[in-house]
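Right, I'll just put the structure down here and ask away after.
Naming follows writing order (A, B, C and D), and every chain is counted from residue 1.
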């Protein structure tokens, strides 16, 4: 049983990393949203599994939030937004998909190198989980950095957050996990609302930067 | 008793330089005229000139200030004091402790300072030219003089002229540094006294004059005092050269009257020879352009510095 | 006094949270902005008083989510004090903004409510005896300030708020991961559950934690909370957030929020320092500190907006403070604490002045603000004194801390003192250059009146405190700071 | 006891300062008089304390620890013979300036910008002298800078002055940071920064060396050592004239005090290369300073550059003292240090005097540009007389005081062949030559300054309508010139009074100056050299009196006024006079190409062309060109480059965070 639970947890976490890579590979927004939904589903599974093996029922709440909000709610909202703003075209990437993937592989390797010896004393589930969660986080960041489109950046941030939830649930007996995941959901909601409200269309840097220079600091 | 004699000798010296100075000018003019195959004025002509000037009324420009009227006396006084402090026929006079070589140089500096100022007082362009050039020469001549003093002082172990003279009499030796210093001192003396090749004391060609340009506006007694001061300065330099480099014959105040007389005679001979040599040099050379003069004086500065350095080096061996 | 405290039906430490929370609720309901401002001041004042009672008697350690020790009480008292003075300043400032129509009354209800929530969040962050709780508090503080930065609803303000929000969120995410790692490190030693996130327990057992895990955790915490502190290269949100929000918020950001984040960093630094095998956190802090100092120093030169200028100066000072704490040792820690206190007071005072300047001149553009000492003598000289203090001229308090930092560093690590002094000079050159432009010369046109009377009071109170500290530090304060400095190791 | 009184006086000054804004707001003559009157009384008291502490010895010296400042050690204040000397210098200047300002201050347009800072400035300078621990010293030092900066900024409408204020503040802060580093090294890790503790601690050679260099940077920048002098000629003239006098005459001396205090008292045994450094810098400073002064057209800036020169002379003296001290030549070292201290004293007198004179000119005409002045001797005879006295004194001409100190310094230089180090033996005579050159150039400079300003004919209506200054201002100047004469004619007692300082600093002292015969001063022994100021003065007076008597009694006294002669071509236009620039032309021509990268563009139109001829002279300040301009260029370059970071997109900022994270993770990974 011990062995199996470990393998399963490992599989879910690995699945998340895999889905993260898929997101990096996507170059269409709608596709990306779908993959993100898949990411959230895998997270839900992983968290539920942790709730089961750790015998921590409160984690089911986290799993439910993950599923309800991230696998269904937000993708649906983003779908509508993308359609309404008419930006369901190609995503501009910085540096191209290939190098980004390569970079992603390097990051995964880095997180392994960093985490595995570091967490040597922690129990194996946690150790694997932590390493994989770090990979997910780094990949999410990478995504935010290499995508120029606001929606895909949001998705990058949310996948980063998924990695955090993964890590938090993987840490056995960690208190406040639910609170934290709720807090994060609020954050994410804010971001989505922000994008929606302020019509941040193409990129985070909103409007015409030239016009802003007049008000802000232009170069002398 | 000793004190009275001291004071007496000191007083004699002060009067002596005053009396001798115009004579030296007359003497050099006479020699110069002879060298140029002219008759020349009598040797006593400067005395006559001074007397005549003193008796005349002074003409002052409308905007001459109090400084203009008083400066001639300051110029005269500082020069006279300086001249009185240089041993002439006797060394170690009572008041010789009041000032050493550096102070004497500075006293001459004071007189020049006032001379340059009065050159600017009336607000004429010639006065300004004269002052400006005079100060340029001074900026080079003064450091040269200081370096020469260094050389001499390091050899003699004192900046006190009487001590230097005594030392030179007792420790005669030929030294390269002293030779360099002598040449430097001569250059400085020529420049300071507005002699050829730096300036021409006889000229009134406006653009070439320096000393004369400054005193262009003076007349009457003021001019007389300034002329006398200039004559004193020439005498001072020749006495100084004599005192440092050929000090033989200088008497001590407590020597007998005979020695004092002997000193006086040798002194007269020394300044006569000095004046003669100067005139010979002057007649054999042409006046320089104004901006060659800095190089000439710069040479003196280099010589003085070299002299000092050589001494510093030779000390270590 | 102690007896009086015992008669209270609640512990003062809880009041630190309860008062702002209640006030926030009330404020969200009150529509009159004048009344709102008064309630805001009253609540801030009450909170400050309760913070002062903590000096007299502290709650017993151990139980509960909150705790007070020598370290955080410095921050709490300082924070609630600046909160109070800023609320006083804010009352008159906001009134003027309302008059000129930059703000609408219903925004103000929101503004005052947020102000108290921010106060709550910061008090919670400072007194939380739980790293998870602290993280939540810092996130709450971030969110409220994001709201307030965007209060003017101008394009630029929204942009600034957005930038702040995004960068802050990423920072907060990194900090969370670090927190999780700390928990992971603690769990095998302390055991599962709540205890493994309690400060007091963590510090007591830190020497038995896995050093490798602590190292990685510190990297994340340093970057996460470092973003909040505004250390370069994580600083990008800070200048714009300061420049585009209402000025009281700039004052709170510089005077308070940065300190809260710094406090979190210090806590984790103590944790690492307690473990002999973990990598020393000092060099990392020193490096980031120096980078921030020098970078911000250069950035000061080409600023065109007065508030952004002083925002960069905050980055610079945060750099100095991290440098000092990174150096460690009783002298440098003492200097760091002193510098932090002085910077809070001085920088918020400067922002008080700047807010009024922007109001009387009708602009934040540096080139349009000239000759203040002539057109508005008190304001102008107030700014001159403030800037003189912030650049470290005696007899102000910052000079003392800079003296301690520079001289102690040079005695220990001469090579580190050189970039430090270089950075100080660079920043000095820029700030004084700007100061001379602002305060002297023929005055530029003004639009409004010279500002209301009450808002000069916080400015001069702060400056007076800074001046006093530069000349005379009371012995109890010194002893207390020394104690904290020793605690920080 | 005396120290307590001194501190109370300082507190009094600060209190006056604090009360001044209120006084400045009142109807004017009263507030101004109260502030300056109070400053006068307090500095007078401090002056008396200084004199008592120097002459009265241990009875009037002492220590006091106040519980302020740095918490662990408190603020230490002490009064010893060295601080007493400078206390005298500072407060003598303070007395004169305050007295002067009783009149001059009434012309101030914005008294609110001067009155509050003036007493604070005096207080700051006094505090520096009294401080006996590093922290109080630095606080006082920077307080002094800050208050004088505020005074520099008092006429802030002129862009020049604002620039001056900026450069000044920046350099002052640079200096303070250098001092901070120096004291950091001296105090070591213990942090015990009292002077007593520093003195007893042993410092390794490299630390003393580093401290010396830092002191040169720190104190040197305040004193105005080349190449750190650039702020001085900008800032000193910008302040009101009595403050300029204090800054130039007195504050630079406080910097010298700081240097002497640290290098001679705190550091212990010097090393010989220190002297080399000081001699080189001192000579360079003296010559460059005076050359700049000769070129200036702004009267006050000219005076400021001349301060740079005099600081150079003082540092030559200090360098010599170090050289002798290293080699255990106590008597020679004491001669050198006495010459430096005496020059500090003398310079404070005559530089103050000259700045006050410049203040009179400024008030009387509203002009600082000497090209627009001229003929002031007629309209302002008393100012002219006093200014002339200052010029004579600063040009080192007997019988005034400037000569005495330079004479002593030359005597000290003459002792240098006994030094064992080769480098020093070559360097000292060179320094002597530079000193002589500087002195001669100073003469030229002041002939020009006085001649163009006061003599000749007025070059502008402002000059022709000038008016004389208030009597009280002239009294202050008379006080200074009187002291100049006194110090010049009777230097013996002054030198004697310095002997406790010399034995304290260099463990040696000059021979006790005999009061008789002839009241002369003797540096080493009688046969070497001697000088009697009083006798020279008496001689000059007597002989000029005799000359005047003789001529007036026995010859003509008649005077006739006539138009000027001018070789027959007098021109009534004042523009035909020699100008300041033309006066400086020969010197410019000789030294310009070397020191100023002189460029002369003379354009003569062809014959028949009616266009005017033009002459353009450009002088570059090499120090500025090669040191400061590149530095500010680099700073601005870096600022421009880094400024790009203000305009990045959020994505780029995130990339920065990301890069930092990855880099740190790599670091941790490789560490483990």
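For this structure, a couple of remarks:
Keep this in mind: a residue touches a chain if its C-beta (ideal position, glycine included) is under 8 Å from a C-beta of that chain, and two chains touch if they have at least 3 such contacts.
Only a predicted model underlies this, so the values are computations on that prediction, with no experimental measurement involved.
The chains that touch chain A as well as chain D are C. Note: the chain lying farthest from chain B is A, by mean C-alpha position.
Per-pair tallies of C-beta contacts place B-D first.
Here the spacing of chain B and chain D, counted between their Cα centres, is 35 Å. Chain centres here are Cα averages; for chain B and chain C they lie 78 Å apart. Averaging Cα coordinates per chain places chain A and chain B 99 Å apart. Between the CA-based centres of chain C and chain D the separation comes to 44 Å, rounded to the whole angstrom.
Shown for chain D are the residues that touch two or more other chains, namely 640, 643, 646, 650, 654, 657, 661, 665, 668, 672.
For chain B, the set of residues touching two or more other chains is empty.
Counting partner chains per residue, chain C has residues 162-163, 166, 170, 212, 215-216, 302 touching two or more of them. Under the contact rule defined at the top, the touching pairs of chains are A-C, A-D, B-D, C-D. Against chain D, the residues of chain C that register as touching in their complex are 162-163, 166-167, 170-171, 174, 212, 215-216, 219-220, 222-223, 227, 233-234, 236-237, 239, 279, 284, 295, 298-302, 331, 371, 373-374, 377, 388, 391-395, 399-400, 402-404, 406-412, 414, 417, 421, 424-426, 428-430, 432-433, 436-437, 440-442, 470-473, 475, 478.
Listed in rising order, the residues of chain C touching chain A in the complex are 130, 132-133, 135-136, 139, 143, 155-156, 158-159, 162-163, 165-166, 169-170, 172-173, 176-177, 180-181, 183-184, 187-188, 192-194, 196-197, 210, 212-213, 215-216, 240, 243, 302-305, 308.
If you check the complex, the residues on chain D that touch chain B are 374-375, 377-378, 381, 384, 388, 391-392, 395-398, 403, 407, 410-411, 413-414, 416-417, 422, 425-426, 429-430, 432-433, 435-437, 439-441, 443-444, 446-448, 450-452, 455-457, 517-518, 520, 526-532, 535-536, 539-541, 543-544, 547-548, 551, 555-556, 558-567, 570-571, 574, 576-579, 582-587, 589-590. Put simply, chain D touches chain C in their complex at residues 67-72, 112-113, 134-135, 138-139, 142-143, 146, 153, 156-157, 159, 162, 165-166, 169-170, 173-174, 177, 180-181, 183-185, 187-189, 191, 193, 635-636, 638-640, 642-643, 645-646, 648, 650, 653-654, 656-657, 659-661, 664-665, 667-668, 671-672.
Looking at the complex, you find that chain D touches chain A at residues 640, 643, 646-647, 649-651, 654-655, 657-658, 661-662, 665-666, 668-669, 672.
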